[in-house]
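To start, the structure under review is shown below, and the notes come after it.
Going by the order they are written in, the chains are A, B, C and D; count residues from 1 in each one.
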Amino acid sequence: MSDGDSSSTDAGAQAFFEQTADGDVPDASWKDRGYRYFDLYLAAPFRVAWSDWRARIGTTIIVFFVLLGTVGVRVVDPPVMNEGELYVPWFQTTEFIFGTERFGQSIGKMLVHSTPAILKMASAGILFAVGLAIAIGVVAGYKGGTVDYLLMTITDIVMIIPGLPLIVVLVAIWQPRDPFIVGAILAIDSWPSLARMLRSQVLTVREENYVEAARAMGVSTRSIVQKDITPQLMPYIMINAANAAKSVIFAAVGLYFLGFLPEAGLNWGVMMNQAYNQGGALANPMSRGHWLFAPMLLLVVFTMGLILFSQGMDRVFNTKIQAKHAKTVEDDDSL
Amino acid sequence: MARTTDSTDERSTDRASTGANDSVVSLEDVRVHFDETGLIDGLRGEDETVRAVDGVSIDIPENEIIALVGESGCGKTTLGKVAVGLQRPTSGTVTYRGQDIWDAKEGNGDPAIPYPEIREALQIIHQDPGSSLNPNRTVLTSLLVPLKLTEPELGPNQREQRVYQLLEYLGMKPSEDYAHRYPHQLSGGEQQRVVLGRALLMSPDVILADEAVSALDVSLRVEMMDLMHDLQSVFDTSFVFVSHDFANARYFAGTVGGKIGVMYLGELVEFGPAEEVIRDPQHPYTKVLSWATPTLDPDLAAEESMDPPVREIDIPDPIDPPSGCRFHTRCPEARAVCETTTPELVATDTDRQTACFRMDETHEYWDSQPITGGNDG
Amino acid sequence: MNETSIHSTRSSTSSETIFEVEDITVEFGMDRGTSRVVDNVSMEIERNEIIGIVGESGSGKSMFASTLLDAVEEPGQVTGTVTYYPEDGEPVDVLDLDEKALRTFRWEEVAMVDQGAMDSFNPTMDIETHFKETLIAHGSDVDGGMEHARELLTELYLDPDRVLGAYPHELSGGMQQRTLIALSLVLKPDVIVMDEPTGALDLLMQRSITGLIAQLHERYGITILFITHDLPLIADLADRIAVMYAFEFVELGPAYDVLKHAAHPYTRALLKAVPNTMTPLEEMAPIEGDSPDPVSVPQGCSYHPRCPLATSKCRETDPGFHDVDTARTAACFHWERSAAAVSYTLSGPNEH
Amino acid sequence: MNRYARRLFQSVFTLFVVITITFVLYRMMPNGPIEAMQQQLVSEALAKGENPDMSYINHMVAIRTGIDPNTPMHVAYYEYMRDIILYQDFGQSIAFNAPVFEVLFYAMPWTVLVSVYGILIGFTTNIILGAVMAYYEGSIFDTGSTIVAIVLNSIPYYVGAIVFLAFLAFQWGLFPTGGRMYPDSTAGFNWYYIQGVIHHAALPILSSVLIGFGGTALSMRGNCIRVMGSNYLRVARLRGLSDGRIAVRYVGRNAILPLYTQFMIGLAGIFSGSIIMEQIFTYPGVGWYTYDALVNRDYPLLMGILIFFSVITVVGVLIADLTYGLIDPRANTGEKEGY
């Protein structure tokens, strides 16, 4: 694209700009430009998401748990036996807000130290499910034809295979202990719906006029995918990442609780399992139930955070995809 | 059987052009068939091919305006996209200044003109301005894309200057305010101006304007078309203007001495200077379109019939187009011969071509039996 | 102020009023202020006429049409009165009807065809059921009604058997549009309100449908209110034309006069700006400036920022209607000078 | 017709793939069941100080699992497929010493009972709730219900099950804590028996209702609001149709349609969920056997359970697909997304 081979008609454009290029417009500084990019790619989507109460609460909850699992474990000491009375009920003493279990360990501390495993499983699940879904969905949508047909057939089959029984079989055979691997296995049925969604999005976006216009201008495919297609997929990916995390955590806690998964370190499911098997918490819900209910409470709050986040994002991006720039757009529907 | 142009001597008569050799883009016997046959359909031997464009040859000269007119589904947009290299023809060739576009793209042979240059030279403006701009980008970032491609040596600030200048020229003042808006913060007319500006920043040789004013209010169309004319003279661009509206086509092509091509079910049925085609339509289908264009003058309108001059209102299915002359199922002048024989696009005047037997006073058509009936939906 | 009422525009004494609209205002509350999309509008519609209402998109014409059926949706607020005069019987205050009476009034007396024909049918119900349920809902004779429906469909160049047995998605846009027209006529209403009924269609289909509308008008003696932004479309269809600009009428009169000798500067500018096949190309020119925002309509005459005739009077005072002749009225102080200021030609001198 | 043929083919193919997966997991995985057993026997032999005799070990494996490790893979695969498809022979359960098919076949009705009632009740209440929320859109009831729906959606069904069991069964003794009938009842068409069945199934059903609860209501609400804003609804109102007809034939039908396939897939989800649910309630259905199979390394039973659940899911999705064409006229034209 050197100047030499420019066709004769470029002269018109040159003349046009020379003729109008008199006025000196002040240069936009690099700082301005940097701010603009920051505003476009980070601040604006965040502002939009923040405008929805669901996303706001959801994000707060998720951030809280992430902090709990990362900073919390450093601040809070690990539980030790007999640090308190046995079976102190919850919300009775300030020292043991969540009470103690049968060895007198603080359930509150146990909860804190159970969180990292959950976060690891969730992030492994997200990474696995979303990564696979992006790879399959985008490739299928962009390549089309036989590749699309094959990938979608695989996706459909995995979608139909019942997830939990398959997971149980895999777990039985492999006996995984590493939370990352557990997370990945539990996410085995979380990717197909996202892959399908991404595929149909890619198909839609690919036909959008502005993508055609970009192709007409000779913009590279990589740039089109990066700048024109991916931003449209981001909301779907984020929503589904939250959903994948939710289903991984659901399954993990449930399977640890019933002892389907080999015990490895502390997590909410393991705590529930101990309370159930060793504490008889189920049969004595009033006196020992807190051992079982405390991790359940955290589980519910965390999943609620994820659901609120995904619903908030869904609402924000599906109904107001136009109103990307929240700051300057009037709130025309106050729903 | 579809019309074929197998012999070279025929081409000289049936291609729509001004006859000059200075064409920027040439289409030669272009066909575009969309295969809608599913896997099972295929197994059952059902052919669901849509013949969107079927054997059209057309030349687009430098600085020319060509309006393609026809009902929806007649293939005018597809033909336009073939002309700007966005749709690959099933058969036939598209050349840019003598270089086959698709050969250049795939690197067949040794292209005389590299593909990126061809790509730059052929641009498109869509019907719906709202979807032609990436909703995630501001006007400025959208307009910087072509500048980065065509003027890589410019600094970022210079590029921005150019965008501001362009916006001012497009009547969007204050330009700095408009530059930082998102597409949804612009009116339809303003969006379309940005799209036009983006195409022009590529300094293209040909712009396909696909129903570029149809989405705008009637009262805004002339303004937009005037702007396109202004920019055409500045940037030396040819336009392929696709429209279903005769009045728009006439204004856009007619004011600057452009041509109108009338398409019906994938074929070009009439081609000629805009005003002549409008004033004196030769093909019965062109006459129908002319009737369909409402007349503003009540005196003239009173003379027109309210009944449509077609035997059938609905357009036939392009999957299984009628035999012979494709218009014979609806044509008020159709005769038996039209069912079996396909008329060629032949020169009827110095720069006009029409594909109808009625143009030939000695054709067997005149002895053929008229077809009646139809008009029953 | 030589202001007269728009009511005086009845073209002849023989005609009788079917709709009388008085001081209708439609408002929507928005965050940035009240949006007044119809601004104190009055007019009379005569029995058995085709009246065309022309205006740019967003000029309030659709909202005006909706008020005739009291069909403005929440949160729109309508004030004013709409009186309907049935062929025989007492006048009806439409905006005051209770739910039951309104249900009967709509479609039996006044039917509506709007722009979204592609989206006017229940996608999970066949066309025949649409006709039947309408007849049943109004307690009409179903067999007789269906026979009438078949006649209507045939007149609209449709094959009744095929159309009635089809689901909406099996029909093309043009077919759905024609079917909707047939559906609107099935109860033999006296008035049909058509809001851009040909908006999304091809030219040929548009023109065919307007032709069919004219035929149906003649055969069944229906009053038709035809709303469009496409002025040429109603040029040979409408008996009278009302031009809307910025949420109010600016000119009203017999179609011929309005087209040939438009009195309001906006009408004249519009006629100049509309692409058509007969006007000499050099005569066409766009209207300068932008249409006003419903939240902040200019003071005085709403057209003054774009008008070449605007004086300080126009900027301050709302002009009100001025009689151009017995049948025609224009909302302009300077209508007598408009012909000189804005010239236009509808067809070239060398025509026919 | 095309669609039906295609879907049928796809279902059969899916089952084929599932069975193949079970075979692969069972037979070919490194550290898979067979290999694990071989290694175990080898180490046992070594521990006893004997020289491991591979042919004896393989013989022992064959006795315990019914699989001869010496059979070439492709023959084994063929036999495995043949047995399952032609003879419904899933092998012999190690733990129960009975054919896997028989174990599952007798457990199946209980799982079906709980799951089907669970989803029927769950879906009905959700749809009604969603529709009512949409009708009162923007009201306090709507906002309140939305919050409740989100909260319920965040509660895993087993959490619900645990709470129900802890309080309703253990603490207050309103429901039995396990089993599927009164121990002293005799099976048959007598009220005591039926009462027992209902009493035992009540909590599992209630917990099944929780699966996906709230989510469906929110979807229904969204669909209703979308339909209520559609042009055809406006036209229907203008045509003077009664509110009842509009609610049922217009809003109801068009809003429920998109949920239909979700319903069938949800059914599959509930069946899967029975693995955890039945364990908590000690309710001996198909899911309940999973844990035993897992603990006892009863691979034939485990694989049988996977195949069983797959069949149910595939059949559910297939029914949804095939009947969808009957209720949505648009489904038969063009290939739409099935799910």
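The criterion applied here is as follows: a residue touches a chain if its C-beta (ideal position, glycine included) is under 8 Å from a C-beta of that chain, and two chains touch if they have at least 3 such contacts.
It should be emphasised that the depicted structure is a prediction, and the values quoted were computed from it without experimental measurement.
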item: Chain of greatest Cα-centre distance to chain B; value: D
item: Pair exhibiting more inter-chain C-beta contacts, C-D or A-D; value: A-D
item: Centre-of-Cα separation between chain D and chain B, whole angstrom; value: 55
item: Centre-of-Cα separation between chain C and chain A, whole angstrom; value: 52
item: Centroid spacing, where centroids are CA-atom means, of chain A and chain D in whole angstrom; value: 26
item: Residues of chain A whose C-beta touches two or more other chains; value: none
item: Interface residues, chain D side, partner chain C - complex; value: 230-232, 234-242, 245, 249-250, 253-254, 257, 327-330, 333
item: Of chain B, residues touching chain A in the complex; value: 62, 84-86, 97, 113-114, 116-117, 119-124, 126, 128, 131-138, 141-142, 145-146, 149-150, 152, 156-157, 160-162, 164-165, 168-169, 176, 180, 182, 184-185, 195, 198-205, 234-237
item: Chain B-touching residues of chain C, taken from the complex the two chains share; value: 56-57, 156-159, 172, 174-175, 202-208, 210-211, 214-215, 229-233, 235-236, 255-256, 259-260, 270-271, 273-279, 281-282, 284-287, 290, 346-347, 351-352
item: Interfacial residue positions of chain B with respect to chain C in the complex; value: 71-72, 187, 217-223, 225-226, 244-248, 250-251, 254-255, 275, 278, 288-304, 306-308, 310, 312-314, 375-377
item: Residues of chain C defined as touching chain D within the complex; value: 69, 71, 73, 103-104, 106-108, 111-112, 114, 116, 119-126, 133-134, 137-138, 167, 169-170, 180, 183
